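What follows is subunit A paired twice: with subunit B in the first complex and subunit C in the second.
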Partner chain A sequence: MMDPATLLAVLETTLSQADADVVESAITGKDLIKAGALMGAGICMGFGAIGPGIGEGFAAGKACEAIGRAPEEAGLLTRTMLIGQAVSESTGIYSLVVALLMLFVVGV
Partner chain B sequence: MEHIGERLIWNYFPFTNIPIPGGGVNVLTIFNTLVVMALLWGMMWLGVRKLTRVPGRAQVILESFVGLFDGLVTSSLEYPTRDQNRKFLPLIASLFMFVCLGNFIGFLPTHYFEEPTADINCTMSLGMMAIAIAIYCGVKAKGAGEFFGELLGPMWHQEDATGFAKLAGKASALFFFPLNVIGEVAKVISISFRLFGNIIGGAIIIVVVSTLTYNTFLPIGLDLFFVFFVGTVQAFVFTMLTLTYIAVAIK
Partner chain C sequence: MDITPETWNYIGRYVGASLALGLGGLGAAIGMGMAGAEANRAMMKQPSKHSDLLRTMLLGQAVGGSPSIFALVVGLLILFLPVNESTSGMVFASTLIGAGLAVGLGCFGSGVGCGFPAAQACSGVARNPKKSTALTSTMMIGQALAQSPSIFATIVALILLFLPTPSVGIASAGIAIAAGLSMGASALGPGLGSGITAGGAVKGQSDWPQSRSITVRTMMIGQAICDTPAIFGMLVSFIMLFTLQDLEVSIIGFSKVMAAAIAVGIGGIGPGIGCGIVSETSCEASAKKPEHDALMLRTMLIGQAVSQSTAIYALIIALVILFVV
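Now for the complex of A and B:
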């Protein structure tokens, strides 16, 4: 258990952080940059995922239609679909890289 | 989770205080590259150790692998003779093997095995190598004048135009030349960042999930998808794009 003197000291330290001047100087430009970078990473990833999502879903749907018409070509169609999807994914990957830069380089 | 994105960098030569020129070396990338090369060498040695007319298990695997890539190279390059196509087979097949095994090596759960392809230096150099080989093959197949003349745009080469139309065609190169040069540079960026982003994205997702579950279980399902499936697909895509760049350059 803590002795009363230590407890008082801890309490005083905790309370003293609520001082007006301390609170005012708590947010600096660095914090703003970090907040902006984290928000930017979220926005970047969210909007960057829309295009690849739609594109890959479209490719998968068309591949399903084609497999339905020609089931014996399923292997070739799946392979072609995967390559096309991996290529059309690249814009999403760019936004992932930008988001990672913001998270781990700018926002540190 | 704070160590995400950090890589071990040696700033000095080991056991000395001589600084390494260029700002340091990603030592784990080099180490893992050598490990992957040693593993590939060992696998190839095991496969071709005893070549027989009725092949054993390892020889069948290697033969079907080489046959698959032989078919891919032949169908995309379309050189008239078999030997000309065969010249690209070692490049394409070893590129695939290296990238694929380099993606898989992050599966080993120690800190010393990181994917070499999760380092932008590795993927960027592979991409630059691919584009440089494509340009070299293009120059060799068509000649330097014709190959680099294509960068000047389609309207530079009109023979029957006269007067103002010819002048406008020549002037259009001012627009087309920077566009085509940027297109060539963008190929390097695109092919290398695709591989890098996929691999490091999967690695970060695995680290985040492991941290959220306090490392109580190996995220086997995540490893199966992000390491093995995505790794194979991205290695295949990287190889196919290299092959496509070469095929576009020589035609």
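Now for the complex of A and C:
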């Protein structure tokens, strides 16, 4: 396992060898922080969207099943479904907030 | 160590082809296995129906195998695509890896997804052998629609292979991999979800064959909505391929496209599967009680819309990463 400094040096040489006239400056610490914030936001929102998506699907699926069995209770069941989904959505919203924080507050 | 452009080309070919065929073949194999297992279980219960069951299983496996054929075609193209001297090197290698990621991940989802309707059709034919023709045709409609995410993925892979990449030097290496990842990963969930939906519809129809038209209609609406995350992913990969002509050539530019791809790609998996679970039960319920069809459709659409919201957050974050920050 290379240490970060060597890794950076190798990356820089590869970049400059590959396209010498376009890369004009070396990678600075500030660039790395910004790049980390961007990747963090992407990973946060991407993986954070898996759970709520599947979870809300379960809630709505069971609601559909229940309404199929007892259509006269549709109002109550839809309300319960929406409350369940809203709670399940909360982690998706946390991911969204954290991603926006990384993009606009931390990574500047 | 000296890495020539030639070396990069070989790295790209081998990694790209193995991603395409490894992942794409894996999905279809799981799907075919599900169909085969269910056919065996049904045959054990009803040995007299073996010829009907065998036909249904083979049809389901043949149609469900087409995502792996897409993967095979793209994989062979990746291996044998002629390289022209000006593009040879790291950028060419990454277009090959991007195409492999797109078609591999995209065909994985559809391949597994096509197994659900095939398995349900086998158990349905055993229960109700007289209705096997209608059941098989519903199965094939469902499988064809479940393959649309893998077709999107194949289109993006072919665009990556045959159209010139944006000429932003080394940054277009990042663009190519990111475009492939965003398309491939975002097609995975919708492929699975559409397949789960088709499975529910086939199950519903095998239990209540008289409400077939309503079941098929609910299935098609549900599958169309399941595909939305894949369309978001395709949109982002087109944006990357065709509009990012001024991406900065630095670690920031590279992480911009990768982060947007991870957000919209991985973010599309959950909503795709979730929407599939919703429309699966909705198909079964409207097959059972066709008179409450409008109510079921309404509940399904509300549930899918809420489940879809996280995919929309992911799209927003990807666009913010690409254009605002």
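By our rule, the second predicted complex is superposed on the first by the 82 of 108 C-alpha atoms of A that agree within 3 Å, B and C clash if a C-alpha of one lies under 4 Å from a C-alpha of the other, contacts with A are read in each partner's own complex, and residues count from 1 in each chain.
Basically, a residue touches a chain if its C-beta (ideal position, glycine included) is under 8 Å from a C-beta of that chain, and two chains touch if they have at least 3 such contacts.
Treat the numbers as computed from the prediction; the structure is a model and nothing was measured.
In the superposition on chain A, contact is made by A:56 with subunit C only, not with subunit B. By the touch criterion defined above, A:89 lies against subunit B and subunit C together after alignment on the C-alpha atoms of chain A. Shared-chain residue A:78: touches subunit C; no touch with subunit B. Contact with both subunit B and subunit C is seen for A:104 once the two complexes are overlaid on the shared chain. Of the two partner chains placed by superposition, only subunit C is touched by A:27; subunit B is not. Using the contact criterion defined above for the overlaid structures, shared-chain residue A:39 touches subunit C, although it does not reach subunit B. Note on subunit A: of its two partners subunit C and subunit B, the one contacting more of its residues is C.
Shared contact residues on subunit A (touching subunit B in one structure, subunit C in the other): 82, 86, 89, 93, 96, 100, 103-104.
Residues 4-5, 190, 193-194, 196-198, 200-201, 204, 233-234, 236-237, 240-241 of subunit B are the ones touching subunit A in the complex.
Touching subunit B in their complex are the following residues of subunit A: 82-83, 86-87, 89-90, 93-94, 96-97, 100, 103-105. Listed in rising order, the residues of subunit C touching subunit A in the complex are 3, 89-90, 169-170, 189, 193, 249-252, 254-256, 258-278, 280-282, 284-286, 288-289, 292, 295-296, 299-300, 302-304, 306-311, 313-314, 316-318, 320-321, 324-325. Residue ranges on subunit A touching subunit C, taken from their complex, read 11, 14-15, 18-19, 22-23, 25, 27, 31-32, 34-36, 38-43, 45-65, 67-69, 71, 74, 77-78, 81-82, 85-86, 89, 92-93, 95-96, 99-100, 103-104, 107.
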